[in-house]
Each structure stands twice: as C-alpha cells, then as structure tokens.
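Each of the next two complexes has subunit A plus one other chain: subunit B in the first, subunit C in the second.
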Partner chain A sequence: MTGGWDWAYAVEILPALWRGLQVTLLATLLGSLLAFGLGLVFAVVQRNRVAVLHRVVWAFVQFWRSTPLLVQAYVIYQVLPDVGITLGSLAAGVLALGLHYACYTSEVYRAGIEAVPPGQWEAAAALSLPRSRVWLAVVLPQAVPRVLPALGNYVISMFKEVPLLLAIGLVEVVTVARQLSAESFRPVEPLTLAGILFLLISYPASVVVRRLERRTGAR
Partner chain B sequence: MLDSLPLILSFLMAGVPPTVLATVGGIALTVVLSAVAGLALVSRHRAVRAVSRVYVEFFRGTSEVVQLFWIFFVLPALVGYQIIPLGAGILVLGLNHGAYGAEIVRGAVRAVPRAQHEGAVALSLSPWDRMRRVVLPQAVVEMLPPFTNLFIQLLKSTALLSLVVVDEVVRRGQLLVPNLGVGEKLTIYLVELVIYLVLALLITAGMRLLERRAAARVGRVPATGVAT
Partner chain C sequence: MPAEPMIVFEGVHKRFGDSVVLSDLDLAVDPGEHVTLIGPSGSGKTTILRLLMCLERVDAGTIRVGGRYLSHMHRRGELVPADEKHSRDVRRRIGMVFQQFNLFPNMSVLGNLIEAPTRVLGLSRAEATERAAELLDMVGLAEKIDEHPARLSGGQQQRVAIARALAMRPDVLLLDEITSALDPELVAGVLRLLRRIGDTTDITILCVTHEIGFARDFSDRVLMLDGGRVIEDGPPDQLLREPRQPRTKEFLAAVLEGR
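After this line comes the complex of A and B, so read on.
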C-alpha cells in the first residue's frame, strides 16, 4: 500500500540509492572536467580571434546555451550512431553535460581573462614571450583563480541536471528511485530520499562556494 | 530527407502551444514567488527571513527532475489525487525558478545605495512607499538582465515536462522519432533546437524592451542596447 512513511523500507533502499548517487557524482565529475577544458578552449579561441573559428565558436555558444540539454543529449545519444559514433549512456551523458556547460564556463573564463590588467599583456609583449607562454605563464594563472567560485556554481548546477540523463538510459540516482518505486509500488520513500540526497550534497557545496566567493572578492 | 520536413515541422509545431503555455505560466509564477520570497529575504523580521531562506535553499538544493517526479508520482500517493501534468509542470517550474529569482531580487534590493533609503526616510515616506516608490524602481533595473537568463533557463526546463508526458515539443519529437527513417532523426532534433532558439530570442527581445522602459523610468540610459 502507498501513503505514509515506512522507515524500514527507507533504510532498506539506501544502499541502492547510494550506488545510483555514485553514478550521478561520476557523471558530474567527468562532465565538469570536460566543461572546464572545453570552455577554456572556447574562451581562448574567441579572445585570440583565430580566423573565422572565433565567430563559429561564438555562434555555437549562443545557440547551444539557448537550447535544452535534454534535446542535446538525445542528439548525442541517438543521432551520432547514425554517423558511426556509438556512445554508451554515461559517455553520451558526459559529452552532453560537458558541451552544454562549456558554453557557460567559456563566458566565465572570458570575464576572468578580461579582468587581467592590460599592463600584464603589454609586459608579456615587451618581454617578447611566445604566445603559449603569455597564456600559460601570465594570463591564465591570474584569470583562473578569480573565476573558481563561478565555475563551482556551474558544477553544482550540473550535478542537479544529471537526472535528466535518465532519458538516455543513464542509471543514476533518480532512475534507481523510479525502479525501486516500480518494484514496491511505493514512490514516497525512494523519490523523497533522492531529493534529500541532492540537498545533502548541493547545500553544503553551495555554502563552500559562497565562502570562496567572499574570499576572492569576486562575484 | 528534406521532403519530410513539412510533416516534421507541422507535427512539432503542434507542441509549441503547450511549451509556450508552460513557459508563460512558469514565468508568471516565478515572478510572483521571486518578489514575495525575495522581499521576505530582506525583511526586518528574522522569522520571515528564515521561512523564505528555507524555501530558497530547499528548491535550489534539490534537483528539478526530482521535484517534478515528486509532484507527479509522490504527491498523488500522499494526497490521493493527481494534478494534470501541465499544471504540475508549471508548479515545479515556478517553485524552482522562483527560488533562484528570490536571490536576484534580494541582491538587487540590497544593491540600491543606502543614501536612497535614508533620503526616503528623510522625506518621511512610509516603509511601504519607500520600497514602492524609491527602492524598487531602481532595483528593478538591476534585476531585469539576470531575470532574462533565468527565464531562458525556465524555457529550457520545459523540455523536462516531456518526461511526465506533457504533449510539448520534445515529447512530440520522441513520438515522431521511431516512426521516421534513420536519416530523419537529425532533422527532427534540429527543428526542435531551432524552435527553442526562436523562443529564447523572443524572451530576450521582450526583456530588452522592459529593460529600456525600467531604465527610462528612473531617468537612466540603459547599459545594454541602443538608447532611443
């Protein structure tokens, strides 16, 4: 029967939910790494004005962040196999997350790069440093720490968006909760616990990010 | 593959009204909740602030998909009746984005210079008039750009309603995918993406208009866009 809260059942399903949550966390971690890397590439390409590439990247970023992650995940999971690229649920999900959030992180990096004083660029030019050294030794070491809190906020957002990958078959915590409730005909405990698990991780994480924001003095 | 484009277009366009309805309904609820919860966050009363803080952290902390499934699957088990999917969707969209909007409102109200509050006190305006005539008109100018982003997030979130079988754009696409040839999948999804892009551009254009009005009202030239 449904209705009410069954503590015994709640305790019984915790290990299964925890396994699902690990998949959610893994997807978040891999998606974040991809978004951090790809976003940086997008930002540097746009700043360096690489031939027509910077216009293409700009247009892609504007388009991709105005459209739903869910549809993008379907494209990657269902359309790519038609051109010979077949990805599993996790790989497709991570690629979808990484690509979507790279469009946000690239803007974050851009702001960070713009905040580096012009004098730094000029000094690097005066020392006739090679382009790669200008970026790796002068600009990025000053730009990246400043934007870490903003990047952290996107990691938290991504974590909360992982469940929509259940649409492409990723067995993350909400999928597990749905399976459990289908088996037991009790939706109350699994879905409520899933929500509590999200809160238990994302609330402390957001407190940490806020503290970091205050320390770096940047928004 | 292009010969099936008219069919795909007409089939997907039929999903636009529910998507727009969910977006507009969600935005309306978001605006109300943002205003109420946001002003509560800057209240002088500790209890009011605490209640609002709990609402904001709860809805920002739990995933939107979980909230949607909870209202759709758990609530009926607890109270015995089911909200129609579109209604449940609008409720979740509004509650979720309202929590983010409350933070925007709080930030904008607190960003109004102290001297403005003090000036209003000196003119012996009532607390209500101080807020309504002095603080809010200035705060609104600050709020509108972040709200544009929030509304576009909300538009994108309406795609989640396909998971609880609301007959919107993405859901209709999912119905179409198995029935058409292999080469058509990309067309279907591209059409979907373009539909969202157009809706997002409409939101941006509408908000730009509001930004210009709000800025003119407090005698400022808008920072973004062309001054007229």
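After this line comes the complex of A and C, so read on.
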C-alpha cells in the first residue's frame, strides 16, 4: 500500500460508487415512504377511541423505539424466514428503516395534529362531517404541512443510517467502498469518496429543510 | 303554537369534575322562535349550545330536537344514551356559528361552503356551488368566493361562517357569542345580517350574546341563566328593561357598565 491520493484510481471507482449510492438512495426513498405512511396510520390510530388498537400501537411504538435499528434489521432478515417470510436484503432493509422511522414520524404527526385548534374539530362536528372527511379534508391538510421540515430531517438521518444495512447484505455505497478497498488494498479513496457523496446529498438536503422550516415558521 | 317544541331540555344535569354547570335544567324553544341566553360566564349558556352540538354529553336528563331524542335513542323499547351515529343524524338539523369563526383555513371560501353539503347532504358539486354563491350573495361577499379565509377580515369571516352553517339548511341555528371576537366597527354588519336571516327564514335561533341591544330587538324571548338554572324567562322588553330577579338586574348593570 502506498501513501498519497491516487486521482486515477479515484476516477476509476466512481461509477461503482455511484451505483452503490443509487441503492442507498432507493432504500432511503422507499423507507421514507413507508415511514411516512405507517407513521401517519400510527398517529391517527392513537387519536381514535378504539382503546385496544390505541394501546397495541402505543406499546409497539415504545418497544420499537427502544431497540436498535441494527437488531431490528437482523430480526427482519434472519428471523422472519423461520416463520415463512423471506425477504431480500433491500426489502428487509426498507421494512426495517420504515418501521423504525415510523415510530418517530408518528410522534411528529401527533404533534402536528395536536396543533390543529380544537375549534376546527368542533366546526367539522357542527357540520356533521363524517370522520374520514374530518381527517382528510380538515385536520391532516392543516397538520401535515407544519411538520414537513421535521419529516425531512428524519429522511436525512435515515439516509445516513442506510449503511447499517450492510449487516444484512445490502450492497449500498459503503459496502461497495469496503469491497473496493479490500480488492485494491487502498481504503483511502473509496471511503473518502463515499463520505463525500453522503455530504454532497445530505448538506443540500438540510439546507432545503431549513428553508422549509423558515417558511412554515413564518406562516 | 304547534304541540311539539323544536328544542326541549328535561331535567338536564351537566358536571365538569366537581363543578355543576347545568342543574336540573328545563328548557323549551318553539319552532321559529328566537331565544337569547344571557348570564354571567360559567352560568351554563355555552354548555347548552355544546350539548346540542353533541360536543358534550348530558350526565342526566334528556334533550329532544324536532321531536327526536338527541341525547338518547330507543333500543329494544328502552331509552339508552345515543351512539355517535344517532347523534350525528339528529344533529344534522342543527347549525352552529362560533365565536372564533372556525373556518377551515386550508380551503377557499367556496370549499368551506360546499364541503358539508356535498359530503353530508349528498348534493352535487354544481348544486352546492350554486347554493354557496346564493348564500355569499346574501351575506354580501359574492366577490370573495375564491378567497382564502386568512385574507378576510373578522367580520367577513364570520359572515362566511354564517353562510356555511346555512348551507346545511338547518332547522336550528346556534350562535355562540359570534360578535365577541370582532372589532366594534364590524359588529353592526354581522348583527344586521342576523336580523335579516331572522326576518326572512323560519329557522329556530338560540343565541348566546352580550349584545343587550341586539338581544332586545332580535329575540322573542330572553332567558337569564345563573348557576346552571334558568332564573328568569321573559320577553326582551320586560326582562331586559324591568328584570324581576335581583341577579338579572345586577348582571345587566354589570354588562352595561362594562361597555
């Protein structure tokens, strides 16, 4: 192994790293969609009066938030096949990310829902709107825009946690970087470039979120 | 007078924790009648409206609206507390206008006016829109149909809220201190609108207000509440000018002094 930065090697491995990054981005995108959808369901169920459902969801959220993502990913990938559910690395990884982050996004939604003034619920009740319309037409359109920045922040932290999924064999950008450095005995270029790729995406994303924050704050 | 009043409270009790808000309250309002509730804060006026809206439940007693139980329902020949579906069904005949307007800020004025008629009454979008335009014309805001509530003044918002309640063609309209949050110069326009609605429709109106002047010429009857009971009940000219109860006299003096 020689010291110094080899530009030729760096350029040569970029395409492979880019393919790895695409997997990272895909896992983040799908994981976020799952976390947004599921978190919303958790939050709405917790506002409902069906006590059993409410408690089940509450217990699950508490439990799931108190255990590490890595353990959850292992369980989904390696234990679920024992009960007949076999998932590939990407599917298992997306499910792990989505479930894990749903427990956080549900709290975000809950705060947004609680910020909708009681008068809005009362006006909806006074018009005899069915429950589905109270949620879809009145409450959520007011609650969700307010929490978009907070949701955006979770997307960014999810993006940075995707490399954990190398533990279940997901070939994302850090896995690619490790493979490259094992083949060439040059860890500096692949790992540095992987880090830079994360920075190139995370930083602009956080600027966007901050802008969004300022906009919703000003409203 | 028809045999069955539009609104009947019989022996209604309502408590919040340890404090009794309504105590053995009896009340009857005839169809088309305009009744104003006055009384100090905490006397139970707003609770009466909230019970009618099913935003609260009675602890004892019954409420009937248009001859049907609102608080209760019949099940196997017995009178049991109403479930949500039953309450919603009876409540459909009641509209309410709130102190804080409570327009939906995420919808345009038109959206506010057609949401319930299309979703609850099953009107087509075109029918609901036509009716919304008529109502906006009546409240003098025809040109604001595509505006968002946040861009309207308080008085305009409250007129839209009145139109929204009327769009459901209610038999009963509940008005909860609807001018209290308005700047003084906007109050007159809203009250003028209410007088017009009172004169041109046969809607039963139950109104909580501190506008004594308005209560005097708008109401057929004024009820003075204190401590969760009706302590005085009479035509506005008598009750507001020559109250019989010392508590009513005190209350009116305090209200008039506060202005």
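Keep in mind that, in the parts below, the second predicted complex is superposed on the first by the 215 of 219 C-alpha atoms of A that agree within 3 Å, B and C clash if a C-alpha of one lies under 4 Å from a C-alpha of the other, contacts with A are read in each partner's own complex, and residues count from 1 in each chain.
Simple rule for what comes next: a contact is a pair of C-beta atoms (placed from the backbone, for glycine too) under 8 Å apart; a residue touches a chain by one contact, two chains touch by 3 or more.
Quick caveat, the model's predicted, so the values are computed rather than measured.
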item: Fit or clash between subunit C and subunit B when superposed on subunit A; value: fit
item: Comparing the two partners subunit B and subunit C, which touches a greater set of residues in subunit A; value: B
item: Partner chain in contact with A:L199 - subunit B first, subunit C second, else both or neither; value: first
item: Subunit A-centred angle between subunit C and subunit B, computed on Cα centres after superposition, in steps of 10 °; value: 100
item: Partner chain(s) touched by A:E122 [first = subunit B, second = subunit C, both, neither]; value: second
item: Which superposed partner A:L164 touches (first subunit B, second subunit C, both, neither); value: first
item: Contacts of A:W18 with subunit B and subunit C, given as first, second, both or neither; value: neither
item: Partner chain(s) touched by A:A137 [first = subunit B, second = subunit C, both, neither]; value: second
item: Closest Cα approach, subunit C to subunit B, once both complexes are overlaid on chain A (Å); value: 22
item: Residues on subunit A lying within both footprints (that of subunit B and that of subunit C); value: none
item: Parts of subunit A lying in touch with subunit B, wherever the complex brings them together; value: 2-3, 63, 66-72, 74-75, 78-79, 82, 159-164, 166-167, 174, 177-178, 181, 186-188, 191-192, 194-196, 198-199, 202-203, 206
item: Residues of subunit C defined as touching subunit A within the complex; value: 53-55, 88, 91-92, 94-96, 98, 100, 102-107, 115-116, 119-120, 164-165, 168
item: Parts of subunit A lying in touch with subunit C, wherever the complex brings them together; value: 117, 119-120, 122-130, 133, 137-138, 141-142
item: Residues on subunit B engaged by subunit A in the complex (per definition of touch); value: 57-58, 60-67, 69-70, 73-74, 77-78, 152, 156-160, 162-163, 170, 173-174, 177, 182-183, 185-186, 189, 192-193, 196-197, 200-201
